[in-house]
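Two complexes follow with chain A in common, the first pairing it with chain B and the second with chain C.
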Partner chain A sequence: MTEFAQRIWSSTLARHVLLAAAGLVAVILVLESTSAFRNGQFAVMAYMGIAAGGLTVLTGLNGQLSLGHGAFMAIGAYTTALLLSDWDSAPPLLVVLLAATLVTLVIGAGVGVAAARLHGPYIAGATLALAIAVPGIALYFQGTLGGEQGLTVAVPAVPDWFADVAYFITGNDISSSKYVAYIGWISLIVTFVLLANLSRSRVGRTWRAVRDDDVAAELAGINLGRARVLAFVVSTACAGLAGAVLALAVRLAAPSGFTLVLSLALLSAVVLGGLGSLLGALVGAALLTFLPQVVTGIGLDAGLSDLQAAELAPLVYGLTTMLVVILAPAGIVGTARIAWRKRRAHT
Partner chain B sequence: MRTWSRRVTVFTSVLTAGAVLAACGAGGRPDDSEGGSADVVGVTEDSIKIGAHFPLTGVAAPGYSEIPSGHKAYYEYVNANGGIHGRKIEFVVRDDAYNPTQTSQVTNELVLSDEIFAMVGGLGTPTHSAVVDFLNGEKVPDLFVSSGSLQWGDDVESKPYTFGWQPDYETEGKIVGQWVKQNMPDARVGLFLQDDDFGEDGEKGLRQYLDKQIVATERYTSGNTDVAPQIAALQAADVDVVLGFNTPSYTALTQLTAKKLNFDPKWFYSNVGSDPELVGSLLARFSEGAVKDGSSLLDGVLTTEYIPGVDTPDDPWMELWQQVWDEHGGDAKLTNYRVYGMSQAYTFVQALQAAGPNPTREGIVEAIEQAGTEFDGPALAPFRYSGDSHMGISGLRVSELKDGKADPLTPVLVTDIGDTPITEDNSGAGNDSPPEDGIPDPIS
Partner chain C sequence: MQQFLTTALNGLTQGMIFAAFALALVLIWRSTRIVNFAQAPMAMITVYVALVIIDAGYSYWLGFAAALLSGLLLGAVVERVAIRPVEDKPHINAVILTLGLFIVLHALAAVIFGSRYRSFPAPFGLSGFKVGDMNIALTGFGVFSILAVLAVMLLLVLLFRFTNVGLMMRASAFNQEVARLLGVRVTRMLTQGWALAAMVGSLSGLLIAGGNLVHPAYMDSVVVFGFVAAVLGGLDSPIGAVVGGLILGLSLSFVSGYIGSEVVALAALVILMVVLLLRPGGLFSHAPARRV
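And then the complex of A and B:
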């Protein structure tokens, strides 16, 4: 029996699929046992997690720093909004999610080809320009993209089969906010399985080789440009999917939702959680989602005014970042992992 | 291999622990309140909970973050005097940093977690558009949106729970347009507009009267602080008067840029962009101290008014607001933004009175539709609320700024969207004064 289990674990795919199944069970348990408001927050955590997962692969595994992932989320969100502008003529949700991912992927490929020629801070600069410019496109094409006001998204009704399955498993009726949370988390699990497999495969090893020493990698026969563009494309596809989930959760795609702050928040989530770790990306997304709201709540309970409590949230987030960087320089998950390995090495 | 199984164990236990923790964090009974009884969400025997989203942090915070403090001060005043129908009003404010994504999150929190009875005064056009469908879908009264966009009141069928409050920008544009046409018939007119509903609705009103006189139309995108190209274009078109539908920061920016370019037309700013005190302090800040007495720089600037403000301390409404602020406001100064908040709060209390001793969500909407035009309040012109229209205050007056004070140039003018003619207000809404105790009486 143990031998059988070990054989399963030794297969990367089987291991990841099993983990995904466990994750799905956890998601169902959590979403079913929490309030509608928390469901909404989990939907936010899901899209932040997807985007952060994509970014952590790009930055952690391939060593490219992107400050423009907010812009790619915007592209995904706007694609979704354009496809879901009408209740009646809307294509199935799966098609919408795939379309948003594909459109972003194509644009990401274009940017990736340009970015692959750049190094270090220059990639950051180029993607930074993108983060600033893309929201401006929505303002320029006010007629089709809605300008400052943005486009509202008609979230499709919960399909009957999904409602039936959900009722069969959980015994609860499903609300639209819970439906969106499920979509977000299922997307996240699928994305993470794919990313985890990719990073453990030959492609992932190539990425790491390019990150660690590009000359050595090239000598070993790796096409640097191709590896970089591929990493960039995979990462932007994740951002596109995250944008699509965002559009569903927020029911709106507006330029003010995709400012530079979003791109930086994603990066800070990745750094907080631990570069290159998918679990770290998830931890970072959780911090980003829950910390401000919880801190504001604590501030209000402690008798602070609304204004002070609102200002407390960015303060605590900043302090948390500083503490993590000082005490756990490899990020929360990264440092925990190192400590774990050390302890094992001693015993 | 053993490494992996161990690592997996850790992963699963972290996940489970996380799940358990998150489940604890949810805080109990999600569905209980919807069970059998006829309870109204947010209303108990002795309290009523309302809330709204405001920008308390971020670029839009200066000025706007003061509005909820006005609301709070007035509700505390009402509570200290026994509340409404024995209920104390609790006002929950959530920060959205003027970012629609966050507005959506905090509105979820207000409706689903705080379980508010109604949203009162949610601020901003792009921000509130993100949640207006959700609020109407959940049948949460969405009262007195802090924005003059037409969309809060002109489509009652699709947004039955949403009500505007301040005069919409089209109405303001019409009144400004007519005044300019009558008083400056030969002037070459230039427009300076924010590139969204605000500028668009305003322009629609202005063009009804000034289509032939307008020689230049310039737009700016909120957030881009360089307005030199727009001002230079207006200067090149040789305009005599600039009509600005812009926010306070852009009033300061246009004034400074025009000074630099030696451009000196007559300026006319919509109500939103003309608070002399805020613009004055912004001028001082943007010019890095070069402009000291900012508000005097605005001498001779034209604008509009629809509620009495801090420049008229002898107005009976201002006396009430001052008293309320002194008693419940804290140490900061009373500003026009706080007065705006208190005026909105007054209208909400009126609506609550009208909804009777057992308010329901449908009931308060009906009450405003039925009695809304009768609400006496600080507004200079009456509200337009009815079963067909949820538009707010119906008019305003044109005035000129002198030493930071508004000097009225016209009587209160009222109109409506579309081609409704502009008339002088004869309802007397501008002359009423608050009741003795400062709390609106139930309408009989």
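And then the complex of A and C:
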């Protein structure tokens, strides 16, 4: 029996599917036992997690830095908002999510082709420019993209079959915000299974080879440009899906939601969790979602005004990012993993 | 004609400010091979220092000097505390570090100085000169901006060309190992380089702030513009940075005047991409040396 279990565990696909199933059960348990407010927060964590997962693959596995993932999320969110502008003619949600992913993927491919020829600070600067430039597009095309106010998103009603299944499994009626949280987490699990398989595959090994030594990788017959563009495209597709979930969760796509701060927050989530680790991306997303509330509370108790206390959260995760880079470049998950391996080697 | 002249003059003033900012980036890139993405928030903090002093009733020039001095100090502290530990690590660490610093300084400014918009005074007139019955868009403050940036450039040239310190700084930027063997205290030179760069950055912050509104994010887009200007010139060449700044300032001014101010950042992105794809080393690059 244990041998059978071991054989399943050593198969990458089976392991990832098992982990995904366990994750789905955990998600159902958590979402059903928490309040509507927490459900909303978990939806935020889901889209942050999807975007961070994409970014960690790009930065951790391929060594490219993108400061423009907020901009790609904006593209996904605006696509969703345009498709879900009114209740009657809205396409099915799955189509919307796929369309948002695809549109972002196509634009990401364009940027990726240009970015693949860049390296080091150049790619950071170019994507930074992207993060600053994209919100301006929404302001310029005020007629279709709604300008400063943005576009409101009409979240479709919960489909009957989904409500039935949910009632069958949990015995609870499903609210709209819980529905969005489920959509977010199911998207996250699907994305993470795909990313995990990809990083374990030949493609993932190619990306790591390019990251570690591009000259050696090229000598080994790897097409550097193709590997870089592919990593960039996969990563932006994740950002697009994350943007779609964001649009559903916030019910709005507006330029103020996609500032430079969002892109930088994503980057620090990825660094905090540990570059290249999907679990780390999830930990980082959880920190970004739940830390602000805690820190803001502490700030208010210490006598700061609302506005000042709200800035404490970025202060804390900015400082932690700097400390992590200086002291523990492997991040939370990476450092824990190293410590665990050391302990196991000792015994 | 009137609009063309106005746009061109605005672009010239703006270009000089971008040039100063790009110069600050180039100074740091030359000495430590790091693009300091936290340059803008660093400058923003020093501008707030000036604002506090001016609001307390002291003269504009006292605030001006205090901002430049605190820029000098901040640059040195940042290099010593944050940059030194990652100097020999992969470059991605340094980039992430400066971005972390970006977030920290932003939040810090909002906590200490508040995130509301505050107006920053200008020491000279903000309305254009009159020549005959035509109103020239060049303002007193604009002339001051151009002169101030020119003066700083002149001082930098004098420093690097004709002083011992400048020679040692150039030596340590050129080759740390050899400079160290020749008795140059390289780490001290790096700290000085960062301090100097932060001061130049703070000057550009002061010039952008003059007569405008100041808030913690007011310099954010300047990071991009300064970076684009520096890349236009090749990141390695101070003269390139100045020319790049002027080209960018003029182009963006025309985009803003004839198309719309919303797409200025987009235009900067397009310029950056075109330059990087056609001449990755910038307009002033030599043929690249072998890279293995």
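By definition in this document, the second predicted complex is superposed on the first by the 314 of 347 C-alpha atoms of A that agree within 3 Å, B and C clash if a C-alpha of one lies under 4 Å from a C-alpha of the other, contacts with A are read in each partner's own complex, and residues count from 1 in each chain.
In this section, a residue touches a chain if its C-beta (ideal position, glycine included) is under 8 Å from a C-beta of that chain, and two chains touch if they have at least 3 such contacts.
None of these values were measured; they are calculated from a predicted model.
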Which of chain B and chain C A:Q149 touches, first, second, both or neither:
first
Does the superposition put A:D212 against chain B (first), chain C (second), both, or neither?
neither
Which partner does A:L307 contact after superposing on A: first (chain B), second (chain C), both, neither?
both
Let me test your reading of the model: by the given contact rule, A:L67 touches which partner, first (chain B), second (chain C), both or neither?
second
Contacts of A:D173 with chain B and chain C, given as first, second, both or neither
neither
Does the superposition put A:D164 against chain B (first), chain C (second), both, or neither?
neither
Would you check which partner chain A:S268 touches, where first means chain B only, second means chain C only, and both and neither mean what they say?
second
If you stack the two complexes on chain A, which partner ends up touching A:I326: first (chain B), second (chain C), both, or neither?
second
What residues on chain A does chain C touch that chain B touches too?
136, 139, 259, 261, 307, 311, 313-314
State the interface residues of chain A toward chain B in the complex, per the touch definition above.
5-6, 9-10, 15, 19, 22-23, 26, 29-30, 33-38, 40-42, 44, 136, 139, 142, 147-150, 152, 177, 246, 249-252, 254, 256-257, 259, 261, 279, 286, 290, 293-294, 296, 306-307, 310-311, 313-314, 340, 344
Touching residues on chain C, where the partner in the complex is chain A:
29, 34-35, 37, 82, 85-86, 89, 91-93, 95-97, 99-104, 106-108, 110-111, 114-116, 217, 220-221, 223-224, 227-228, 231, 235, 260, 262-266, 268-269, 272-273, 276-277, 280, 292
Chain A partner contacts - residues on chain B that touch it in the complex:
1, 3-6, 8, 10-12, 14-16, 18-19, 22-23, 25-27, 30, 56-57, 65, 68-69, 72, 93-95, 98-101, 104-105, 108-109, 111-113, 125-127, 129-130, 133-134, 195-197, 221-222
State the interface residues of chain A toward chain C in the complex, per the touch definition above.
59, 63, 65, 67, 114, 117-118, 120-122, 124-126, 128-130, 132-134, 136-137, 139-140, 215, 259-261, 264-265, 267-268, 271, 304, 307-308, 311-315, 317-319, 321-322, 325-326, 329
